[in-house]
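Chain lettering (A, B, C and D) follows the sequence in which the chains are written, and residue indices restart at 1 in each chain.
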Amino acid sequence: MISFENDYNNGAHPKVLQRLVETNEERTLPYGADQFCESAKAKIMAACDDEDAVIFFLTGGTQTNATVIDSLLSQYEGVVAADSGHINVHEAGAIEFTGHKVITLPGHGGKMRAEDLDKYLEGFNNDENNAHSVFPGLVYITLPTELGTIYSAAELDAIYRICRRNNIPLYVDGARLGYGLAADGNDITLPYLARHCDAFYIGGTKAGALCGEAVVFTHGNAPRNFFTIQKQHGALMAKGRLLGAQFDALFTDGLYFDISRHAIDMAKRMRMMFEKKGYRFWIDSPTNQQFVIIGNDDVERLSRDVLFTHWGKADESHTVCRFVTSWATTEAELEQLQSLL
Amino acid sequence: MISFENDYNNGAHPKVLQRLVETNEERTLPYGADQFCESAKAKIMAACDDEDAVIFFLTGGTQTNATVIDSLLSQYEGVVAADSGHINVHEAGAIEFTGHKVITLPGHGGKMRAEDLDKYLEGFNNDENNAHSVFPGLVYITLPTELGTIYSAAELDAIYRICRRNNIPLYVDGARLGYGLAADGNDITLPYLARHCDAFYIGGTKAGALCGEAVVFTHGNAPRNFFTIQKQHGALMAKGRLLGAQFDALFTDGLYFDISRHAIDMAKRMRMMFEKKGYRFWIDSPTNQQFVIIGNDDVERLSRDVLFTHWGKADESHTVCRFVTSWATTEAELEQLQSLL
Amino acid sequence: MISFENDYNNGAHPKVLQRLVETNEERTLPYGADQFCESAKAKIMAACDDEDAVIFFLTGGTQTNATVIDSLLSQYEGVVAADSGHINVHEAGAIEFTGHKVITLPGHGGKMRAEDLDKYLEGFNNDENNAHSVFPGLVYITLPTELGTIYSAAELDAIYRICRRNNIPLYVDGARLGYGLAADGNDITLPYLARHCDAFYIGGTKAGALCGEAVVFTHGNAPRNFFTIQKQHGALMAKGRLLGAQFDALFTDGLYFDISRHAIDMAKRMRMMFEKKGYRFWIDSPTNQQFVIIGNDDVERLSRDVLFTHWGKADESHTVCRFVTSWATTEAELEQLQSLL
Amino acid sequence: MISFENDYNNGAHPKVLQRLVETNEERTLPYGADQFCESAKAKIMAACDDEDAVIFFLTGGTQTNATVIDSLLSQYEGVVAADSGHINVHEAGAIEFTGHKVITLPGHGGKMRAEDLDKYLEGFNNDENNAHSVFPGLVYITLPTELGTIYSAAELDAIYRICRRNNIPLYVDGARLGYGLAADGNDITLPYLARHCDAFYIGGTKAGALCGEAVVFTHGNAPRNFFTIQKQHGALMAKGRLLGAQFDALFTDGLYFDISRHAIDMAKRMRMMFEKKGYRFWIDSPTNQQFVIIGNDDVERLSRDVLFTHWGKADESHTVCRFVTSWATTEAELEQLQSLL
């Protein structure tokens, strides 16, 4: 059985694991005040080229989204997202659990369009009765999106300009950020991202860590007492070292970017394998998630030897199937898949 | 200045006010344990022909929706509604404030379609990963809808059958229930409604009361300790008599139905006035809310003498305008409107 | 059966009811934008001698406390109260329902002591680990307290000084404010109160209204978008006129103060009646709540003809009984009680 | 610098780390469906001698408490705890954040007394007005307590009997459970505990793991859809293997108990060291937390070379200082401390 089910079916990247092993004997202060967190923060700050960034480490994506979004909203505000946004569909209502509405705009290939956002905000601002509605207090986008697509630098800039004009912060969910930055055609860099949003997170869980997401509040945007908000949300790890050491490894010698690039290379090869066999794709994704349209008989056959996600129905006789590569995907796995196709 | 802005621009119906006056001197027990609440409950129970109904009085619509919906959901469940549903658009996130997601289906003239609900629930039930999503725990419809439309008995039955098959309760928001029951073409009665849902409320605020909504948990569906849930939500009135006395008056000698019918008659005459002048309607509504398409110049002119709601843009040069009648609308008001058209 | 059970066992004061009757025919704007609310606000502002006060009307005490407290707290903050505070014991967890902890200090006859508050805040500020605790974000006191006692002007001033020194707002629950202001020995006036706290409410439900509490955010302290917060909490009345007209009547010609004084006079007479019969008091209350220690046999006998509250056990053979007067208490009721003692 | 600040100043126990290393290459299913979680659950179930136990792994103590408590309460219920309970003082209001009140009883050396619980519940049940109060829906105790003390089997049994008589579940916070089970004088075993409560957790973070707590719902008490509740609370780890593998190691060959015993041995030696020097103790603790009363000058001097917690003031010239041992405490560390005393 080989698995392309997701990008967290693996353990830690060897260098990440090694860092855990080699730091294991040291005594540390708790709750992120340790030497490894300090080191990791400095490296991330440098990678973002943002001296005023304030960085926190949390454990997982849903936890990070719920905590950060809640911390940036007033109680009567909601967060604006594409309808396919992870917070809207696959977080079990974690945002609403904190009291906030997810206000949806139509997604286009998983992306929010600047013009949709503009129109919505203009409509809200011009609505005489808007005091009876949830106020838009934050804009949320995912990079890359849940469908594997990426924003161009120009698209991100357009969205951020609208946010700033409306005095609404922009938060970028980077659960798979590395795979977006490494994608062919991507023209966004970490420093560019840091300058074009108010908060984002660098996903570790899906990119070489056992767990962990690094939240970056850019250019002085950190909310007051975020530490306590973390604790209140059950999102503060006692042994913060576990997160710090892993991110320290990931941001040493460009490891995060290297291993992200590997996943993209594997995805491209996988894509070509499917293409050669005549398969069509549900969406054109330059990142590590590939959505292939497969006849239902083939789906059943393949499922005996390969783990992948049945994303949805394409038509009566075909299924959209998601195949995901990661930093850990091996050539051997690709070859096995090839032989099964 | 005359007002067709809404159906709560008025005081109490004279008979409702009279009941408040004539009961004012009596001493009562607090929190709904008074003689007037008891009497009103008995009359509503009779009007619903439901001996097992359990009835509570709350103050307003948003409060009632938030309290009832929260009381019927498990913490990890959300409420399914048409996207135009009041809870989704005009309650300032009161549902999300209680921790629950509003799961939206496309509205059709404000109505939820049984087949959309069926498809959504089937999709949810068949989704292997649904444990990561908000569970549908309640279905919410509005009768009449926010756009003035009504469900037929058959449509309500179809929705309720799906709910029962899926073991999900159905809750009907009756903020304007009287105006729906009194509408031409309506074939739903109070007893029919009580048999075809698990909870609903009879709106008082928009139908003759100063405030107050009567929640009916049908055939034994009341949640445990709803009284305490009311208190917790700030939805328990100390002098419950204010609500009881009003509903007692409304359900004496069919007052609620008579005054609802008056509003419908007024709405029909208003509708004819607009039709005769050649105005078109944005939606075909048999109830007390009429949505007229008016040229922007006329909108401006009319606005000098008439209060009405600018519902939205019809096209570049026309606006959808909402005109609302109520139990309190007078012939004189209609005549003034006529002369202004 | 006569009732001294509480101060909301009655209808509206005749002048309040009269105002509702005489204004009933007028058309109004909804949600508190009506002429009666405007008039009432102006009169309250004048009574408070606070030109920068911002006033809102809500329906009941628990609703008001939950909405105001939530509006004044950051998400990670709690509200500091005496352990006997209404929000801590008799609001069914409405504060916690909004996500905030009630941090308790020992009450002394229902009152918070300035030195206890000072010591707690000093302890919190000096605790190196306080980032793991709920931050004190608001101080809540009740005037008069749940036990009928009142703060002196000096005591209020002392508490407010500590609040200001710590940059924490002070909120005063005035569910029975009139009865406190009218009490013998009270040296706090409405203007003094307005200058010595950041928000308070003037209770209407227990002092002549059918429902309604007037929230006063003093000298420019109103939170942003409180209107929307009201809506979100189900605390916004569609027909705000119901609240406005009542408060307009209460603040015309000093009615609120006159009827409060009546309750105090009745309470004093009742107190003397008990004293003459040799009853002892559980606490020395100058307001409209009297706590009498009564032998259990007498309690049983009295309960046949009088409604009052069994507050708690005094000792094995005696019960603390609460007898409450109000603006509506009559001499006849007192005489009946007298004859029963 | 040596550290007795807490029991999470260390990395993973070598055998735990080794398990992570040796399992790192395997592919797994996500979200706790992996082979390591399965194995760990089986071992814990066996250690608890409870075939009907249902086990979940979460990341940290506050997260676990908030998620489990919320899952076991109805919305209008609160959790009863000793006032020194971790959920009441050091979790930044995480319980209230989920909408529930922490109802406090006086702690006695950190412990709840059965008679206090009994009296409180009897009082609640006999209070005619209890519908206005938060209902007790769960009892929470900590074993060992935040002050290092332990319950005897008889004490636990007494509390559980009261819970069962009142039909209220009992939840035991075992953040330091191992250190309690290993304490001298303890007569509670894991199977005994499993039979005498409805849910508890076995703390991993403070006992050899990098992170992780194992929640045990005993004899069929697991709430419906706890998986989704975890997700909603941000308490579901994508790579559940991280938790599973660690607990698998901890429950192999009694490691959890062995290393807990080590901490107790170290604590006893530390205690003797202080005693020999004439120090007094603030509380008599048989577990790994020792509370020593130290003169302020000595505190300052010691602080230069040793990390420990300033727990509070003993008197004007003395401080209560907490020294904590763990599975990782070494003889060398004790010797250094000795030489500093």
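The working rule: contacts are C-beta pairs under 8 Å (C-beta built on N, C-alpha and C of every residue); 3 or more make two chains touch, one makes a residue touch a chain.
If you're wondering where the values come from, they're calculated on a predicted model, not measured in any experiment.
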Label of the chain whose CA centroid is most distant from the centroid of chain C: A
Between C-D and A-D, the pair joined by more C-beta contacts: A-D
Centre-to-centre distance between chain D and chain A (centres being mean Cα positions), rounded to whole Å: 33
Length of the line joining the C-alpha centres of chain C and chain D, rounded to whole Å: 41
Residues of chain A engaged with two or more neighbouring chains: 75-76, 91-93, 97, 99, 131-132, 228-229, 231-232
Footprint of chain B on chain A - complex, ascending: 75-76, 78, 89-93, 96-97, 99-102, 128-129, 131-134, 309-310
Touching residues (chain side chain A, partner chain D) in the complex: 2-3, 5-6, 8-12, 14, 17, 20-21, 23-30, 59-64, 66-67, 91-94, 97, 205-206, 210-211, 228-229, 231-239, 241-242, 307
Of chain A, residues touching chain C in the complex: 70-71, 74-76, 99, 131-132, 135, 224-225, 227-229, 231-232
